[in-house]
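In what follows, chain A forms one complex with chain B and a second complex with chain C.
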Partner chain A sequence: MRFSDIALWAFTIAFFVFMILPIAVVVVISFTSAGYAAFPIPGWSLKWFARIFEYRPFIDSLWVSLQLGVVATVASCVLGVPAALYLSRARSGWATAITTFLLSPLSMPMIVIGFASLFFLSALGFGVSFLSLAIVHTVICLPYVIRTVTAVYRAVPPAYEEAAQILGASRLTTFREVTLPLIRPGIAAGSLFSFLTSFDNLPVSYFFGSAQTTTLPVVMLAYMEHQFDPSIAALSTLQLLLAIVALVVADRLYGIEKMTVAT
Partner chain B sequence: MPNLVHLSAGARRALLLAPALIFLAVFFVMPLADNSARSFLAEDGGFTLSRYADFLTDRFYLGVIAETVILSAVVTLISVVIAYPVAYVLVRKAGRFSGLIVFLLIAPLLTSIIMRTFGWQVLFARRGLINQWLVTDLGLLDAPLRWLNTPGLAIAALVHVLVPFAVLSIASVLQGVDRRLEEGAQMLGASKLRTFFEVTLPLTTDGIGTGAILVFMIANGSFVTLVLLGGGFQTLPLLIYQQFNTTRDFALASTMSTILLVIALACLWLQLRLLRRQGV
Partner chain C sequence: MRLNRRTFLGTGAAATGLVGLSGLPLRAQGSTINVTAYGGVWEQAIRDCFVAPFEAKTGATATVSLGGPAQWLAQVEASPENPPLDVLIMSPDLAVLAAEGDLMDEFTVEKLPNLANIPQEFTDACLGKGTYFDYGVGGITYNKQIVSEPPRSFADFVERVASGEFIASVPSISYGPTTVFFLWALNNALGGDVDNTDPFFEAMAKMKDNLVFWAGPNDFFNHLASGEADLGIYFDGRTWNHVDEGVDWIDFINPEEGGAMTAVAIQKPKNASDLAWDYLNEVLDAGNQAKFAEILNYGVTNTQVEYSEKLASRVTPLSEANLPPYAEIARVRNDWVDRWNREIGM
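Coming up: the complex of A and B.
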């Protein structure tokens, strides 16, 4: 191996130590037997996972976050999939402009979206409610669905659909039997990103906190500002586990390569 | 009511697009416009530019804008410099390890910012692992250092959040470089190093630019890391957060959000120009 290769690999390994270390430390601490968050840990225990279920706000907000993630993802698919179907086949300049517009929530500062939406939705009478949260989360999740479905559908040759129609299939049958199965990996990937984005969101959810609408990340932030115990680590580990399970399930169903095409 | 089946192709297509467009027009554009409008609204209900005049002539607030942009620029620069060699290894050297590298890049993206911040706080605590290594194990320091609430640690944590985006976008550009151009340069006698600096790097600058703008835009809006890790920074998002929490001067917060929004729009415009030049 040449010297430059060794240097490159050494740099890459150091990079991944930097990337993984802070995360690995939190995973280990979530299994600590100590009453405080420190590394290395004196012994192993599951008591901090039990603590999650004893502290009401964690469980209540976890439930809110799960519901919110599902609602925002379903809404994003309902709004986003038809738009993506149209935009992937359009070639005109204004179709590009519309795509840019539909993806633009990704580029705007989240804190501004959250702050502005709070005032706007309050003026409309929605106030601080689950519905308001669902609307704002859909705004930030929609681009993920549009982006992934557009990428997948663009790679599908129109010939498949044309063939179905020449053979006499109606538009609806063509969509159900040909188009939908072909774009399913895009919908799966988009839904996955959408759910994880919603579930993890703090800067937008922060503005919509109330007893009924506080999401898990907001509760975790508030908890961290007052105490520093391993229950936050246990919750984070659980959250990471959920994300990995979702990724593995999506991989089993559709294959990760197909989904990375979409990212 | 017109029969759906007999709609023209154009109308049917418009129906596909309409829900998403209307939704974002009402719940994305209107809130932002409403928010900016509030910053131009005078006490008596008229139009005023006084908030911007006050804001842009105040040394403190000018400093805040400068600090926001400079912090994001520093984080972006560090991210891109770190990301390039990693992306290079991923595309050119990794071979059968490339799957593992992609997994290690994606895994941190699945973790919450709270989790990572928690990790930094534990690692760099006074009696944390890093101080223990430096003082007890390696003997490099006589006394533990105070890392938490320093600008350096906050920057490192921001880089940690943003660098995977830089690696992924640089890797995708490197993948598109025609290897024959590099081979040609080497056949004509250029060294590997010279080939890299005179062929590979120039071919990827536009891609680096798009990746850098992406990182810069996310950095500009981030505040959770700074809230939890401190570092003494005064940035626009942090001030908006504080205005909302404590001072509750919503007109001022609207003014600051509008300025942040204008910076974001400028970045978006720049990114589109770069993308168009690449012919994507």
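Coming up: the complex of A and C.
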């Protein structure tokens, strides 16, 4: 083996150790028997996982986060897929400007979006509510759907759709039978990113928290600031598990490789 | 059931339809008030010590919103005519800002009979539109296994850290209360005042090679637990919470000059429900506060409270803590942060 190959292997291993070790430490701490977070752990226990179910706000906010993730993802697809299809084929300067505008939440500080949205939606009468949260989360998830669907759709030759229409298919049939199957990996990838972005979001959700609408990251932050036990590590381990399950489901349904190509 | 694309998407759409029906704006209702709490043990203590007696006496309901003062104040600022919250827990500096912004109602003994037992200076510190109900003191927490003779004063702390005898963990500027319980407290102890922070920054320059910075309270504990630091600036109540969780190697000292009192204020937004007064009166009640203190290991402000023997030995008496001039600090805070960023950077 050449020296350059050895160096590349060493770098790759070091890179993965650097990336994965902190996560592994959190997972290990979630199984500690101690009443505080420290590594190495003195003994093994599942009590911090039990604590998650004892502490009602964890479960209530988890439910809110799951609902919100689903609503924001579906709304992003409903709004984002048609926009992506149109903007992918459009050639005008306006189309470029609108695309940039729709993608702009990616480049804005989330805390600014959250703060501004709170005042804007309160002025409109939506106030601190699940509806407000869903609107703002849709705004921040939309770019992921538009980005991934646009990337896939631009690689689809227009001739496919033209052929369907020449053969007598209506616009709706063409979309359902030709376009949709072709852009499905893009929708799947965008949906996955949207859900995970919404589920993990703290800076935007922070401004819309109430007794009924507090999301899991906000509760985790509030808990960590005033409690020192390892239940947050246990909760992080469960979140990690949820993300892995989401990826496995996505892989079974669409194939991770196709989704990676889409991005 | 076999999982395929059609069933997966169909289930998702159905779930979306159901939850979409429940997304109505939060509004205070006649017999319900919305109160606030920090997370974890704080939230449970708020429910047990204040919400439960309030609900028992009034027959009304109090829902508890978890989060932090900046979030709650922003929500009230966004809807001052119809605030989504009826009672706010606030940091002292934000309590002053909220009072100056005329967003809060005035506290009087007529509205809150238990206010008579709270030192007037705590209500004055909130410009009359709120008061303090709970407090901690920032001092020196140390690892007993490493530090056999801890510094007893801020001055001693600075000298011994500067000489390299200890590595100290101190709060970074990204932690909100740092300007008060560390910067102001140390500066005050070293002879400075609100308009002259040279003593603090000179001390930091002397200690800089032997300092590590914590961004959040959990970092401080990790610094001590990992051996990265020997001692540092921390809170009394948080130290005792660690001790109660089984950490038997830490201890706390209130410096001879007196640590800074870091208080928790309560306020009622204008246009919030009048039921909030009943709740606030429960928060200021001596019996409820004593129970609250027992759970959190922090001092409370009602002068009629009698602590248990264990807690009495832990809580720093009001007379041994310094009440920072929060309103004056708010005036110069940005300048302090700017100087910190230029000279210290963390």
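Worth a mention:
What we mean here is this: the second predicted complex is superposed on the first by the 249 of 263 C-alpha atoms of A that agree within 3 Å, B and C clash if a C-alpha of one lies under 4 Å from a C-alpha of the other, contacts with A are read in each partner's own complex, and residues count from 1 in each chain.
Note that a residue touches a chain if its C-beta (ideal position, glycine included) is under 8 Å from a C-beta of that chain, and two chains touch if they have at least 3 such contacts.
Keep in mind that what you see is a predicted model, and the values were worked out from it rather than measured.
After alignment on the shared chain A, the placement of chain B and chain C results in a clash.
Touch criterion met: A:249 reaches chain C, while chain B stays clear of it. In the superposed model, A:82 lies in contact with chain B only, and not with chain C. In the superposed pair of complexes, A:152 makes contact with neither chain B nor chain C. When the two complexes are overlaid on their common chain A, residue A:22 makes contact with chain B while staying clear of chain C.
Counting residues of chain A touched by each partner, chain B versus chain C, the larger count belongs to B.
Within the superposed three-chain model, A:101 lies in touch with chain B and out of touch with chain C [touch as defined at top]. Residue contacts after overlaying the shared chain place A:119 against chain B and chain C alike.
When both complexes are overlaid on chain A, the residue A:71 reaches chain C alone and has no touch with chain B. In the superposition on chain A, no contact is made by A:204 with either chain B or chain C. When the shared chain is aligned, chain C comes close enough to touch A:227, but chain B does not.
Put simply, of the chain B stretches 20-28, 74-82, 110-118 or 146-154, the part that bumps into chain C is 146-154. Looking at chain A, you'll find residues 37-38, 115, 119, 123, 206-207, 221, 224, 228 touch chain B in one structure and chain C in the other. Within the complex, the chain C residues that touch chain A are 3-5, 8, 12-13, 15-16, 19-20, 22-27, 34, 38-43, 63-68, 71, 74-75, 77-79, 82, 84-85, 216-218, 221-222, 225-226, 238, 241-242, 245-247. By the touch criterion given at the top, residues 34-38, 55, 57, 67, 70-71, 73-75, 115, 118-119, 122-123, 125-134, 184, 206-207, 209-214, 218-219, 221-229, 249, 252-254 of chain A touch chain C in their complex.
The residues of chain B lying in touch with chain A in their complex are 13, 15-17, 19-21, 23-24, 27-28, 30-32, 34-35, 38, 82, 85-86, 88-89, 93, 101-102, 104-108, 110-123, 125, 127-129, 160, 163-164, 192, 217, 220-224, 227-228, 237, 240-241, 244, 250, 253-254, 257, 260-261, 264, 267-268, 271-272. Chain contact summary for the complex, chain A toward chain B: residues 4-5, 8-9, 11-12, 15-16, 18-26, 29, 37-40, 78-80, 82-83, 85-87, 90, 98, 100-102, 104-105, 107-113, 115-117, 119-121, 123, 135-136, 138-139, 142, 146, 196, 200, 202-203, 206-207, 217, 220-221, 224, 228, 232-233, 236, 239-240, 243-244, 247, 260.
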